[in-house]
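Please go over the structures that come below.
Across the two complexes that follow, chain A remains constant while its partner is chain B and subsequently chain C.
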Partner chain A sequence: MALRGLEMARYLPLIARFVAQNLKSRLAYPADFWTGLASDLVHQAANLVFILVVFQHAPSLHGWRREEVVFIYGYFLVPFAVFHATAANLWDFADRYVVRGEFDRVLTRPLPSLLQVFLETMELESLLGAVTGVAAMAWAGRALGLDWRLADLAIFPVLVAGGVAIYYGIFIALAAVAFWTDSRTGLIPLLWNLNAYGRYPVDIYSRRLRFVFTWVLPLAFVGFFPAAYFLRRGAWGWYAALTPAVGALVLAFGVAVWSAGVRRYRGAGS
Partner chain B sequence: MAAYLEMMRIRFLAMLAYRVNYYSGVVIYVVYIGSYYFIWQAVYAGRAALGGLTAAQMTTYLAVAWMSRAFWFNNLDREISNEIRDGTVAVQFIRPYNYLVAKLAGALGEGLFRLAFFAAPGLAAAALVFPVRFPSDARLWVVFAAATLLAFAVNSLFNVIAGLVAFFTLNNTGILHTKRVLVDLFSGLFLPLGFYPAWAQDAPRWLPFQAISYLPSLVFTGALRGPELWRALAVQAFWIAVLAVAAAWLWRRAGRRLVVQGG
Partner chain C sequence: MAIIEARQLTKEFRKFKSRPGLAGAFRDLFTRRYETVRAVDAIDLTVEPGEVVGYIGPNGAGKSTTIKMLTGILVPTAGHLLVNGCVPHRERERFVRTIGVVFGQRSQLWWDIAVRESFRLLQRIYGVPDAEYRRRLDELAGVLELGDLLDVPVRKLSLGQRMRCELAAALLHGPSLLFLDEPTIGLDVVVKLRIRDFLREINARHGTTILLTTHDLADIEALCPRVVILDRGRILYDGALDAIRRDGQGLEEVVRAIYQGEAVGGGAGAGPGGRRVPELGGGRAAEGGSAVEPEGGRQYGAGGAG
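Now for the complex of A and B:
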């Protein structure tokens, strides 16, 4: 593990180069860059409007107040933005790398294949979502009179990292399915739509779904449980302590599936 | 006329090749409907009616609104602005048919395909998972079918206009994006218009977007009765007339302005 850390440190300058290159190529088309930014913002605004409108008709959702639900959504946006900005390439990995054979090129280079795939396309403008998220959290936190502790400053990035790791693990595993079958499985858009389940209090779902989103597809650890910790909602908040472990586990699973897939990869032929 | 029908048929057949993609699409939509279903359940929490809909009607509304989207949704806006931009539209001027009608016919063929392989099985699947209530009155089915067809016309004409406007302004993505946001917000797909606060309800009622999703879905839930049904259809027909005139006018203007390079 220590060796791994050293190796990663060696890659840092390379990663910085990739990021700089990426930003340059994104900014070469400023119109696309700005519309991308604007559409992200509009999307987040629409989700917030949805929450606000819903609460015009109900004083609470299963005992959760409007500000609490806004807070959960705001928190969720932070790990989600980090994931979205850095893992954009997993979305059409099957098409671009396996079907068209670009993965051959990746394998000839002295950098872990997964890292290369992550670095080759990034949508760093999506990080703006984290700003929206923090703003929503700040607004809701003030309205609720949340007491922030100093330790929270350290806990926050750890929980966010855990959430990002869960997303990484799930989507790496799904992208790696392409090594076994090159037909469109539609799994990635499916999981994408499941996002909506991770940003509301899990107790609004049926018992079965609650179990699934906690222990099978642990999306509740991405947004809801950590947010519940900061909201000091005792029982649910305790789950947040498991977030880093769950993240490490899911990420390890994703990487294992990936490695097995890479060993199986035979190239696109011709 | 026969030529347009043929275009419709060809597009339908072309889509058949991709039918496997649509099976996972059904699951995706059901999952998506589910995420909203639970939220609405929590919102209603035993209350009889909100925003003019009962909890049961809300579930039905969600399912039918999303599944009908598979029918009325199309990418005519992008297709048209791209064809104008890259010049392929020049060939269309010399062909013995009306370009816009041909485009609409193709889109209808695609829509009918998705109706048969996506929307209909999707609604059945959604009904298996969630308590969706189908209208028991046969006449309601007829009105709903008409309203859905009209919704297709409103949305497609709107796409045609957006595609042509994008051509005039040279800012493709901006215009098309704005259009999509407007449709999402004001068509009632995400939120039935009755749920907006009173001050925000008036604007959408004077806009064409409600004709795309809100009105047909309301018909299906049974929330509209007697003359209200006819009024909904009339509102849709009115917007179709307005949009059709606008589209035809824009198309004539575009024809005069078009400069195709090379040859």
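Now for the complex of A and C:
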């Protein structure tokens, strides 16, 4: 793992270069850029309004107050924004790379194939979702009178990184399924909305679903558990300590599925 | 030492075989039938540094599959392969630094940014030092007359302009071996001529080895002293271009005759440096199976057709 980390550090200047170029090419189509931005904002506003409307009819949800649920959603928006902005290319990976054969070109370049796919298209305007999220957290945290500790400043990015890693792992694995099927759309457009399950208190779901979102598709580690930690909801908050480990595990799984898929694509057995 | 050395190189694919009719399609949902197709069938190919080789054959002959093995994209089913001193698929990232690849149907460049910026990204990807990069870009831009194109986004280039940029992009890291898969497809005559001139020039100036697949035999006549003719995964002819040209007969007709399994050239058919593969059109008898173990070579999983 440490070796992997070092290897990635070698690519940092290259990644920075690609980030800049992606931003530039997004700005080459100002209309797309602004509509992307606006639609993200509308989406986030609609989700917030939905939460507020629900709480007009019930004072609390399984013991969760309105501000707490807004806080969880706000927190969730941060890892989701980072994921959405950087992994946009996984969305139509099946069609663009496998069906249309662009993956051949990827394999003729001296970079890891997964890194190339990430770098080639980004939707960096989606990062604005993180700003919305932080604003929602600030508002809710104030209303709840949350006590922030200095250590939280260091813990926050670690938990966010863990959450992003979980999304990466899940969606890399789903994208890699394209190496085995000849389907044009792939699984990701079907399953994209799974991400919504990470942003509500996990105890509103049935026991079975709770188990699934904790230990099978560990989406609760992306938004809910870390947010519960900052809300000082002891029982759930403790799970947050596992977020980095779960992130590393799920990401490793995704990369393993990817590698197996690439081996298959290149016709090396299986 | 040879720059490309392939012995008994073979690639098989498992192809899904669909049943006819609606009922058949329904049955396919549950039990799929596969058949093994041998796209490249135990070919031997040796290319020396500085050669320009035309690799031709009808659609489905196995040209692209060969190129994909030689460039490290596909892993061979069987056989021995060494390109630029590497086993292409095994050390992919190290190997691809030493080659340039142009797929005529596909772009190496980023659609929305200026050509120059695509080039800069490629420079970073290949880790080309600044001074070397500038020198190469100057040279390539000069010979290909890229001048004004460098600041245009790729999406605004015509096909011919784009192809000139593609060639430059493939050579920025100074590869000693260049693979061109139908580089002149869809181009007008003027651009074709310019590209041929360019390829001749880099071959002469830098000794760049070129392997070219094309359906345009005029490309071959203009560029390739040596041709390799492939059909149904097997090499039908490998030798000097001159040796198969008959008096008063166009290359087109000669090649068509070879595809159809007729005898090649006059006399022995093996002109200077030419080598005719025995039993033209006579099936597989002459070469036996593909299970010949190459000596000292790397044998991949036998992966037979059965």
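In the analysis below, the second predicted complex is superposed on the first by the 256 of 270 C-alpha atoms of A that agree within 3 Å, B and C clash if a C-alpha of one lies under 4 Å from a C-alpha of the other, contacts with A are read in each partner's own complex, and residues count from 1 in each chain.
Criterion: contacts are C-beta pairs under 8 Å (C-beta built on N, C-alpha and C of every residue); 3 or more make two chains touch, one makes a residue touch a chain.
Just so you know, these numbers come straight off a predicted model, no measurement behind them.
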Original post:
Regarding the shared-chain residue A:105, is it in contact with chain B (first), chain C (second), both, or neither?
Top reply: second
**OP:** State whether A:21 touches chain B only (first), chain C only (second), both chains, or neither.
**Re:** second
Original post:
Should A:38 be classified as contacting the first partner (chain B), the second (chain C), both, or neither?
Top reply: first
**OP:** Identify the partner contact of A:13: answer first if only chain B is touched, second if only chain C is, both if each is, neither if none is.
**Re:** second
**OP:** Have a look at where A:206 lands relative to chain B and chain C in the superposition and call it first, second, both or neither.
**Re:** first
Original post:
Is A:50 in contact with chain B, with chain C, with both, or with neither (first, second, both, neither)?
Top reply: first
**OP:** Would you mind listing the overlap between the chain B footprint and the chain C footprint on chain A?
**Re:** none
Original post:
If you look only at chain B, which of its residues touch chain A in the complex?
Top reply: 20-21, 24-25, 27-28, 31-32, 35-36, 38-39, 41-45, 47, 50-51, 171, 173-174, 177, 181, 184-185, 190-191, 195-197
Subject >> Contact footprint of chain C on chain A as seen in their complex >> reply: 13-14, 17-18, 21, 24-25, 28-29, 101-102, 104-105, 107-112, 120, 182, 263, 266-269
Original post:
Residues of chain C touching chain A in their complex?
Top reply: 11, 13, 16, 68, 71-75, 77, 89, 92-94, 96-97, 99, 101, 103, 106, 108, 110-113, 117, 120-121, 124-126, 153, 301
Original post:
Given the complex with chain B, which residues does chain A contribute to the contact?
Top reply: 31-32, 35, 38-39, 42, 46, 50, 53-54, 56-58, 61-62, 183-187, 189-190, 193-194, 196-197, 200, 204-206, 209
